[in-house]
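Following: one structure in structure tokens, then a few remarks.
Each chain gets a letter, A, B, C, D, E and F, in the order it is written, and its residues are counted from 1.
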């Protein structure tokens, strides 16, 4: 089992969800985040003074999947999120030791899906 | 003491009255004028209503832009009305044979031999006359603002506003309130269902067509609602608009004449209440949920609807006008969505549709004094000219400096794109839409 | 010009005055009526105050519901008052021996032979009379709204409001303002500490009892505060209520009589200020922290307290009334919490307790003209009937369509449960409470 | 009916008029007084404007504190003005040779032999006189509030306010509006560019100096903007202030004299509009972005600027005054930042700079009636005394109970530190700044 | 050491905290999240149009614990969060390589508790 | 590769970013969080009643780095975040199996930086 964390541009969420659904990955968790990567920041102005902003608004998606779905999920996220422009985002993959469904107490691979 | 001092100052050159020579005419003028000034600041506060309503019904990433537009349009509206608008709208057609266009000159200044006691029959002063009308003018451009929100280019919109409110609104207004050809025909529009609201609404329609729908609103033929980010703000906007409407309609009596002004208050209130109730009922039945945005729009619908005839229709008619307006607004929103005309705040349903309905309703409910035919003629005349002129301005702007922000800017929000500023600093907000 | 046109139109059937035949009576009526209309729209804006205060002091997940309730209640209040309320409240008992209940008929229409110049001694027109009172009526139901917020079923609440504001509020009002038995006894309630505020407060108490506390408010005998989600909104609400109170109290003079209206302004202002100061002091000492919600409630407490006697008490008495009200509201909130009566906005403390206190205070501070005994009698009479009638309505609703949303809906929020709509789209918000 | 009852009550001891003996003087008083009361509640609502503007332009973690300060200052302002302020400001210097300081006694009560019909020439009653001025007094302290926001200790600020608004503001006011030495010299300040705004502004400057900049505002010599957290609130504040200014300036005519009041409305409106436009233009050119906060401040700048001469300057002059004010405010904000004077809301630029500019402008634009030299003398006299007295109060407080919260409290926010309460419960908010 | 991530219904937070405290797990971090799992979404209406919402409001709790506490923590979360209804949530368990207390510089198991 | 999660006091963010930049760690993701640790809570008052608050406002920083940067990153975070007072925060280090740059499809260590 793996935990996949993807940072994407906020407005790509629908496309990513769509791509995941088409690949039968239907469970996920989403939070907002501020991110700093290769994408340059921009300048804000407030009452005449200048502010450099380099933490940009991103979405963070967390998806737990069983091994067979790891690559599918990664590919789906990429296909939904990629526009080819800097700032498209990044995917992190981590080992997942265990997973428990609270309602039933199921554990392991049974619980992920 | 303060009052004594000012009295002294006033003696230098300003018209004024000594206790000794107090006349009934003067007190009458003071009373009427006080009411008209109250009405003026009530119309002023409608601008805050428009600003908060539009802000509340759009996304947080465009908030700064919307507040900026609304502040700018108010300033532009007042200034252009002082520069040329007032004299375009009230060119004093009486002596002329041309009742279609005239211009009484740049700037504002009281007429020669100006005597406040006789100007406008002692109902208000020259200054009040100007300012009350100036506040109206600015509202007209604001109607367009809401309809093209979230994608229109700031500079282009401000230029459009300056031209529309500086020239077209007053010129069109002169046909009726300025004593022009529609006035001669007996067209009735008490406080502006047509002259303000549907004129603004038709211009908004032109804007909506020219600027196109927001990205993500119509996807593969389906309507994807783009939800407003702050409904308390939207509610504040609607209550302030209703509040200000007492000045808008009540002030349009153009004196403090007690029975008329208070009757107008009653017809206005009951039409608004009826609009709320029918919009609630229809939307509850229709979408199975009591829809707050429809309840709010319902009151505005009732208010726009009754504005043309608030002085002549009966209390019962006002209720009916409001009920119908509430129905119109609910179906109107879906109707424009079906046409893929993307109007974030429902300005087309509220101002255009209910403005036209209200204008015709006067003819229906008061056939003895007002002719349905003439009302229709007026509604169509204003529709055609307002729509086409707005279309022309937007078209010219589109092919010169452009009227729509880039896709990137639209996705990231106009606040950062156009202003480099965020409205809710520190708040964690999803900007997925 | 606009004014000329309207003048022409007005000639058709509406009473009006030519400059030539200008009379003092007419100007007097215009002046008085203008003031009363201003007071009317000031009471109107109190509805926005109530809406934002209630919204600010509750959780974000119930915001749409609260705004909806407040919009709905306003519309229902105005409409039912037009249908029957006004004629229930002012049935003209003068000719009748029954001073307890009467009804002057459905709908609104000026009395036969109506002459604005003589109706109400030239202090206002029939239309103003109706609308000013109608605005009051709607506030009464709104008081209940806050107390039962965050768990009451929307439909049931709207039905309750329609019945209470359409029948009970005006009927009860007729006892005093309609010239009924309490008026005969010399009961004094200037602008409604009892007739509006405590009547609303007692109904709210009935509602709070019947609907029960919010989930999570009282856990294992301990009080778990459920914090409001938007204190700027709450502050806007309080300032708007104070603002509107100048119309509520100032308009209750029922003419523009200068000395009385302005004295009422002063007693009202100083009582409110005193309420703020004592609520701050008491809560600062009591909970060791300067509590904003108490400071805000303090001003409302002072306003409700002075409302019964704003016309007769001295400036100094007004300050004392305000100071006591501020103390009452702070302890009142804790008191009701101890009784496990869950009132999210403090309506019971503000409207019920301070309403009763204000009513009795008139007797205490103006014993020459007003009897404490009669004040008590009135307070009790209104308490009993208002409480029991509200209890009855809520009981019937409870056993038919239900008055409380499901636990799931309450936890998830009424906005999604009842309306399928969120108030702050995109904002990331904890809904743990 | 309600009106009859009150009529009866009013017969007991309060001056009043029967229809039979209706006089022109009475109707005149009613009219004037109605306008003055309207102006009074309009100035009242400016306090909500100040509260929301200050809240919007500061960080969310200090919101409760700011709302608390503003509620408290209003209550303190009204109360101290009743206790001593009014009689300090209007001590009736006329009989005395000392035109610098006098005190007419504690509390408020109408003068002996008080007759509303003749008091102030029938322009308003004693009560109105008091309350209108009391509302002004409170605004002065509120100006300081914004400048020292986000780090000042609550208790100290409230004590400062009580002293400044209870003693210094009225004493300083007596020099001009109370008929003191500056009045004798012919100094002109119509509605308080100097007496209210720059007096408040200079006190704010003293506060800013004494309390020091917010942590993180000036780092290694660079200005790090600390952004406001809620620009819709700020916009609401500005629109409400502009709205209330119609009462502030319009009411300062001190009667309903039609031509003057309405001219004042026009000069006020056009100066505000001009301020918006020039602030937009300058900031757009200067920082390459259309800056909403500057557009908003621009309108306030125009309003403050025109306040000294709204009654005497021409329409064109008012526009020029507004345009210059808009420029001043934009450069003023950067100027004070360069001096490391940290003013979160721009109070120094708006109230101090534009207040001084407006005062001098009267002399520039109306040289026949007003002398630039005297205007300068007045501006300097007020500057020196207001600044030094505020400096003194703050210095004493600093060395006794302290005027600044601890670093920890400032970082965590005053809401939790001073009040143990959060403004936006449940919202997820970055408090990195 | 393990890092436990639990997604729960927002209104169960107090119960979960209570259960954790009773088991001497007193350190945790909480964020809001939108989640999509077995629980069906619902429909919203906005100005007459229909919206399907399938990202529901959840809470995300992160708890770092030493091995002996892993099962206790999981059990406590379950006991606090379970209502038996779909949507109760899920627990993910991951390996934690290291932990550092910033104030003292302590590392490893000492730093966790 | 490691994924470093740091919880810090919100107002230390700038100092932490500064320290990271100076050590050439320029990519990160930030979210708000509520945290409960050794730091005691405080009491709030609302309308006369008392509330104990023990979930305090924190920032959560997520930084993926290659092995050579692990210690640098940890040290930088500490140097930026430490004030010596309780509540300074905590750092968690986890194994990162893989990393993918969405725009280019690069994976592994190439994608992290």
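As a convention for this text, a residue touches a chain if its C-beta (ideal position, glycine included) is under 8 Å from a C-beta of that chain, and two chains touch if they have at least 3 such contacts.
This is a predicted model, so every value here is computed, not measured.
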In contact with chain B and with chain F at once: which chains are those? Just list them.
A, C, D, E
Taking each chain's centre as the mean position of its Cα atoms, how many Å separate chain B from chain C?
31
Averaged-CA centre spacing for the pair chain E and chain C, given as whole angstrom:
45
Can you check how far apart chain A and chain F are, centre to centre, with Cα atoms defining each centre and the answer in Å?
18
Multi-chain touching residues of chain A, meaning two or more other chains, are 31-32, 34, 44-46, 94-95
Residues of chain B touching at least two other chains
24, 27, 31-32, 34, 38, 124, 227-228, 230, 236, 289, 291, 293, 419-422, 427-433
Show me, using the given definition of touch, all chain pairs that touch one another.
A-B, A-D, A-E, A-F, B-C, B-D, B-E, C-D, C-E, C-F, D-F, E-F
Chain F-touching residues of chain A, taken from the complex the two chains share:
2, 5-8, 31-38, 55, 58, 60, 74, 77-78, 81-82, 84-95
Can you list the residues on chain C that touch chain F in the complex?
223-225, 227-228, 283, 286-289, 291, 293-294, 297, 330, 333-334, 337, 346, 430
Which bits of chain B are touching chain C when the two form their complex?
24-25, 27-28, 31-32, 34-35, 38, 42, 59-60, 90, 92, 120-124, 129, 133, 176-179, 183, 188, 190, 227-232, 235-236, 238-240, 242-243, 246, 250, 252-263, 265-266, 269-270, 272-274, 276-277, 280, 289-293, 295-296, 299, 311-312, 315-316, 319, 369, 427-433
Note: in the complex, chain C contacts chain E through residues 216, 411, 416, 419-422, 428-433
Touching chain F in the complex: which residues of chain E?
3, 17, 26-31, 62, 64, 94-103, 105, 111
